[in-house]
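Here subunit A shows up in two complexes: once beside subunit B, once beside subunit C.
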Partner chain A sequence: MNIQLSWSRRLFIVINYAFLIGLAATCLFPLIHVLAISFSSSTAATSGMVKLWPVDFTFASYEFILHKKEFIRSFEVTLLRTPLGFAVNMLLTVLCAYPLSKEQREFRLRTTYAWYFILTILFSGGLIPWYMTVKTTGLLNTIWALIIPGAVPVFNVILMLNFFRGLPKDIEESAFLDGAGHWTVLWRMYVPLSLPVIATVSLFTLVGHWNAWFDGLVLMNFPEKYPLSTYLQLMVANSSSLNFSGQSLFELIAVSQRTARAAQIFLGALPILLVYPFLQKYFVKGIVLGSVKS
Partner chain B sequence: MNKIFGGRGLPLHLMLLPGVILVFIYAYVPMAGIVIAFEKFVPIKGVFGSKWIGLGNFRYVADMPTIAEVVRNTIFIASMKIVAGLAMPIAAALLLNEVRKTFVKKGIQTLIYLPHFLSWIILSGILLDILSPSEGIVNRILQAIGFDSVFFLGDNRWFPYVLVVSDVWKEFGFGTIVYLAAITGINPVLYEAAVMDGANHWRQVWHVTLPGIVPIVVLLATLSLGNVLNGGFEQVFNLYSPSVYKSGDILDTLIYRMGILDAQYGVATAIGLLKSVVSLVLISTSYYLAYRLANYRIF
Partner chain C sequence: MFKKKMITLIAAAACLLAVTAGCSGKNEGSSPSPSAGASQPSKSSAQPSNSPAEGKADPLGKYDPPIEVTAVRQVNSALKFENGETIQDNAWTQHYANDLGIKLKYLWVVDNTQFEQKLNLMLASGELADIMPVPGVQMRQMNDAGQLEDLTEALDKYGSETTKAFMMKDGGTALNSATFKGKLVGLPLNPGSTDSAPLLWVRKDWLKKLNLPEPQTMEDVFKIAEAFATQDPDGNNKKDTYGLAVAKELYSDYGDLTGIFNGFHAYPTIWVKDASGNLVYGSIQPEMKQALAKLQELYKKGVIDREFGVKNHDALIQDFNAGKVGMYYGLHYSPLLFPDAKKKDPNLDLQAYRLPSIDGQPAKPQTKFNVAEYYVVRKGMTHPEAVVKLMNTYLEPRSREAFPVEKYAIKGDIEKWQYALVKGSNPTQNLDVYAKVTEAFKTNDTSKLDEHTPEPNTYKIVKSYYDGDVNGWGYAMIFGERGAQGILYDYNKNNGYQPTEFISAPSSIMAEKQATLSKLELETFTKIIMGESSVDTFDDFVANWKKLGGDEVTKEVADWKASK
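Moving on, here comes the complex of A and B:
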């Protein structure tokens, strides 16, 4: 077939490409701009010379940040909470999603259990009673405060159970006939067959723990126990001034509040920027299969 | 009894047990904790020892001079986010569907999904920098083309719109995923038939693509009704300042300040309870409508 594109169609295609690429650029340029500022000298940043490329290239801001013991300490808290919280979240998500994915005739109380979990999305006690509960259970100021109260991510459970429901039933039925139990079917069949949704939920869980800041702010009374995102919340988002005390005059000249803030923003986003491209191909599939049912 | 707990059902109950216990402690016990809303709650005396004051906290809330403003801000910001948050992903998905070069499409998708995964801490840090009235790049560009610089995050005329635009910017890309999937799911035979009938490109979009995604649009529109009282705590909390409370203070930020900073536990819980109850009604209605209109079931 030889279809000659009309000029209006061609015009549309050009405008469409330009528009979408511009849209994508708005998602990228702010990050690049901040990255450029973080590698620029304080004078260049303050005078507004920095656009998308560093001016007077320097590592000074990063050296300043990486020598701050508060930054390192909160980074360590996050390094502990993320894998720990990930393990707990993933285990409970799989364990809850499997029984809930069964048909009612196979598991009678399934609907009751499902509503038990879904009700927590519809209604909550609110901030203060939740805080009081965490306090009463003795978790305040421990690493577990960042893990146990949010141990069951109900949205991820729903995503995973919907994916599980789409798996072919005949393989598990033959496994049951061969004498396999539910535990075997879950670990040997469901989990290996659910790579897209497990990758998706893994990404959500990892990103969730890395990004979580509110629990740290409310549940930790001492700044030295803050996870990285909570520390960054105080440093970056609140636009409060950095603690410059104890720094030499040289560093004060090289590092301004603005370049230091930019460096912290970039360091906070870096792990996500690194992990995201590898999991991207999975999460699209996982979300679509987990949330939209025909 | 044996039918329920015995035999093959037992492992299923055991699998659910840890989750059920944890949800009970950290979701259901706090629900019981809303009695604080009816007490003059003092932490040392505890939930059972504090004085019961009936609707006292609610009366206090009703008399707060700013409460009407906060409710209005919440609904205004949330509604604008709902509308723009529906329209923008649909438009972007339709336009992306017109891109035939796979690597261009993939590249655009990779970039527009990205902001969804960055926290409001990171994004507000970026916004504070680029929107700064003195040294931010946005205002430098505005000045270069002859406009006055705008204090986007400190001006009550601008602040709500900054919230809406930045929220849509963060989430629209991620929102296209569902629509692109729906468009991919449209039977190609329909397009061929349309071509046979002499439909040009626009007609195909209008008569095939759009009707193909209407069910999912209806579904997501209905489900988003439940968000009318959600102004977006994480975003507002990290972008606002006392100078824009007038246009940007929402219920959740008010609850945080009263409950955690001012230690007015009873009043904060009362506001939270009112919000939870209204949200419950809204979300239940939206789920019911989604079920009736789109035959949607959560699980």
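Moving on, here comes the complex of A and C:
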């Protein structure tokens, strides 16, 4: 197996690798930088001495955060919100995608329904109607305000619908012949066969819930109920605020909290980073290849 | 180390600001009611039905039975609590309930950076709280929509001596800004304007090292800046220092250009009188052009950082900490931005100076109208005077035994004074503190420091710095012997400021156009300084500014002036 590579081919491989490594590095550097800052002393961080390696290594900022009630509390909110939101989203995505993946002759109003969903991607009511709807339905200031308004992620439904349509019709028909109903077909055949798309959509949903901060800010009335991203957003946004009012001199001090901020960002991002490798193995194509012999 | 420093500084800053009333209230003898002269408005239908008999109004009287008052508020996300206290239930809310009979209920609480958005949502949804602290723009909007209660009579009848004295300490300008057609619709929280004046800050150790004189004139400033940029003041044999630090925001608390413009007798972003007495916008006056030409020259020479156009205020703070900055324009509190710098380099010797001038005329530092918050009351609330009582109780000088500092003002880095919904402020507090602290140092007698003000604490921190504690450095820079407040005090005594002449909350047109116009201004000036555009583009900028809504805004300001 000693294949002689041509020069141009070798050159391509070298350049290709260099390019991809460079690309990966640009994604990694900011993360490593934040990590280095979080382990550095405040003096070093505020004078911009920290690049990719901690200066004056210390755990002080992590200690500081783990004793911080607000951080822990919003972490809890996120830990509640993400699984709950994930479950609701995934259930509704699958349930919407299945009927919509059928042909017009099987499901007469399919196109109407499809447009009904797609319209919500194209047009939105805007901030105030959104807020008023949540308010009048009594969801405001409850955990459900973060889950119900976005319960059907239409984009994900379309992704899944298209995947369902790509599954060979014959499998489904043979199941019907054997006496299976729609529920059986959906849960026993479609879902197990759609692991790649389910993994993708799961990732979108998890990351989406983990990172969503704006809804928490607007729909929650008290900071105690903010999810982690909202809390982090405020920590980071706050520091660059230049609004000067004589009453808030002390806010300036927040600027030197650079290390603590970095540690919080890192701790906030860590759990969701860990999800990626576990979903990796499902991103395999061609699972249904060879299931139909004709 | 990090934590300890933080705590000291936060404590210091907070104590200074913890408004605890009872200053040497030298109001102008007379303390007229703010509504004096204005025709008393007809009683609205919503006047308190069970208000006590005329003349017996007690500024701190208790409601019996207690009333429930709803409110909204902003809270800084860094605010701390202890012993299970929350923003909804703490020493202040308990004090309101027990001593005033006011049960406070928050409809929502949000971080200060997001307050306006949440407030606008509330206004749109139409369900207002009884008491709302709002910025000027929203106050005007709500007033125009007829949503606000008239507070003229409430303040007149229920305002305590202290409250009224503080309201008049700025000559009543803040109250005026909340008065529309003779009706007072909001209680202003006025931190005073003197603190918004820019000063020149120079590293004296660098001056000494390069044998340079202290800056007296603008020429000195240019000379020093050039030397700082080229003669290696930090002695590391690298050309890594800037002559003049400028942040990309241009107008900022540190790395500011306002001060240099003021040296050219130009007053950007504020409204000034022109030769014929009309109010005009400072940024479009011809003096600006000269200053910009000079800045362009400085940039070309490499005195201003090549990258200033992308360096924000935060990045510039890092540069100061790293010892790259030797001169900048900035506000009185700017040393508090670099608590680490002095620790890192004990030789650091920062000094504030009066603004140098380009000619024989002394330069006037500009000040802005600084009221960020008004306490307004929803139209139809049954007890509009409750808001006045809340302010009274905040400002009332009380004994420390009954109202312990640790419970109501500050404990360590827990700033409990912030829990109060309605706060009051002394517009000249920092100047007063400076005067008293300086006096105490001179006479070595601390007995004259007023325990109801931040004076004793400020004295303590400044003294700790003189005794060798580096944590007090920032405070010594402000209130110490050669401190910034001393310069502001002088300016104030000699009427040396150029205050904005438009003393009002921004109008709706102004609020609408402001963003576009400011962006145009910032972009044009940045390009001119960086030499991308010639200085003559300033003339185009003026024309554009007028066309893009500046003329409308100017007309509104003129109308405002005519109505006064």
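Couple of notes before you dig in:
As a convention for this text, the second predicted complex is superposed on the first by the 241 of 294 C-alpha atoms of A that agree within 3 Å, B and C clash if a C-alpha of one lies under 4 Å from a C-alpha of the other, contacts with A are read in each partner's own complex, and residues count from 1 in each chain.
In this section, a contact is a pair of C-beta atoms (placed from the backbone, for glycine too) under 8 Å apart; a residue touches a chain by one contact, two chains touch by 3 or more.
Since this is a predicted model, take the numbers as computed values, not measurements.
Judged by the touch definition given at the top, the superposed model places A:127 against both subunit B and subunit C. In the superposed model, A:75 lies in contact with neither subunit B nor subunit C. For subunit A, the partner with contacts to more residues, out of subunit B and subunit C, is B.
In the overlay built on the shared chain, the residue A:48 is in contact with subunit B and with subunit C. Looking at the shared chain after the overlay, A:108 reaches subunit B, while subunit C stays out of its contact range.
Look at A:33: by the touch rule set out above, it reaches subunit B but stays clear of subunit C. With both structures placed on the common chain, the touch criterion links A:222 to subunit C but leaves subunit B unconnected. In the superposed pair of complexes, A:264 makes contact with subunit B only, with no contact to subunit C.
Residue overlap on subunit A between its contacts with subunit B in one complex and with subunit C in the other: 46, 48, 127-128, 131-132, 218, 237-239. Residues of subunit C touching subunit A in their complex: 1-3, 5-6, 9-10, 13-14, 16-17, 75-78, 86-88, 106-114, 117-118, 121, 124-125, 189, 191-192, 195-196, 249, 252-253, 312-315, 317-319, 321-323, 331, 333, 336-341, 343-344, 370, 372-373, 415, 423, 425, 429-430.
Every residue of subunit A that touches subunit C in the complex is listed here, in rising order: 41-43, 46-49, 60-61, 64, 70, 127-128, 131-132, 135, 141, 217-218, 221-224, 231, 234-235, 237-257, 259. For subunit A in complex with subunit B, the residues that touch the partner chain are 9, 12-13, 16-17, 19-21, 23-28, 30-31, 33-34, 37, 45-46, 48, 51, 92, 95-96, 98-100, 102, 107-109, 113-114, 116-118, 120-134, 137, 148-152, 154, 157-158, 161-162, 176, 181-183, 186, 203, 207, 210-211, 213-214, 218, 229, 232-233, 236-239, 258, 261-262, 264-265, 268-269, 272-273, 276-277, 280, 284, 287-288, 291-294.
Put simply, subunit B touches subunit A in their complex at residues 3-4, 8-9, 11-13, 15-16, 18-20, 22-23, 25-34, 36, 41, 43, 47, 92, 95-96, 98-99, 104, 107-108, 110-115, 117-122, 124-130, 135, 137, 140, 169, 173, 177-178, 181-182, 185, 201, 216, 233-234, 238-239, 255-256, 259-260, 265, 268-269, 272-273, 275-276, 279-280, 283-284, 297-299.
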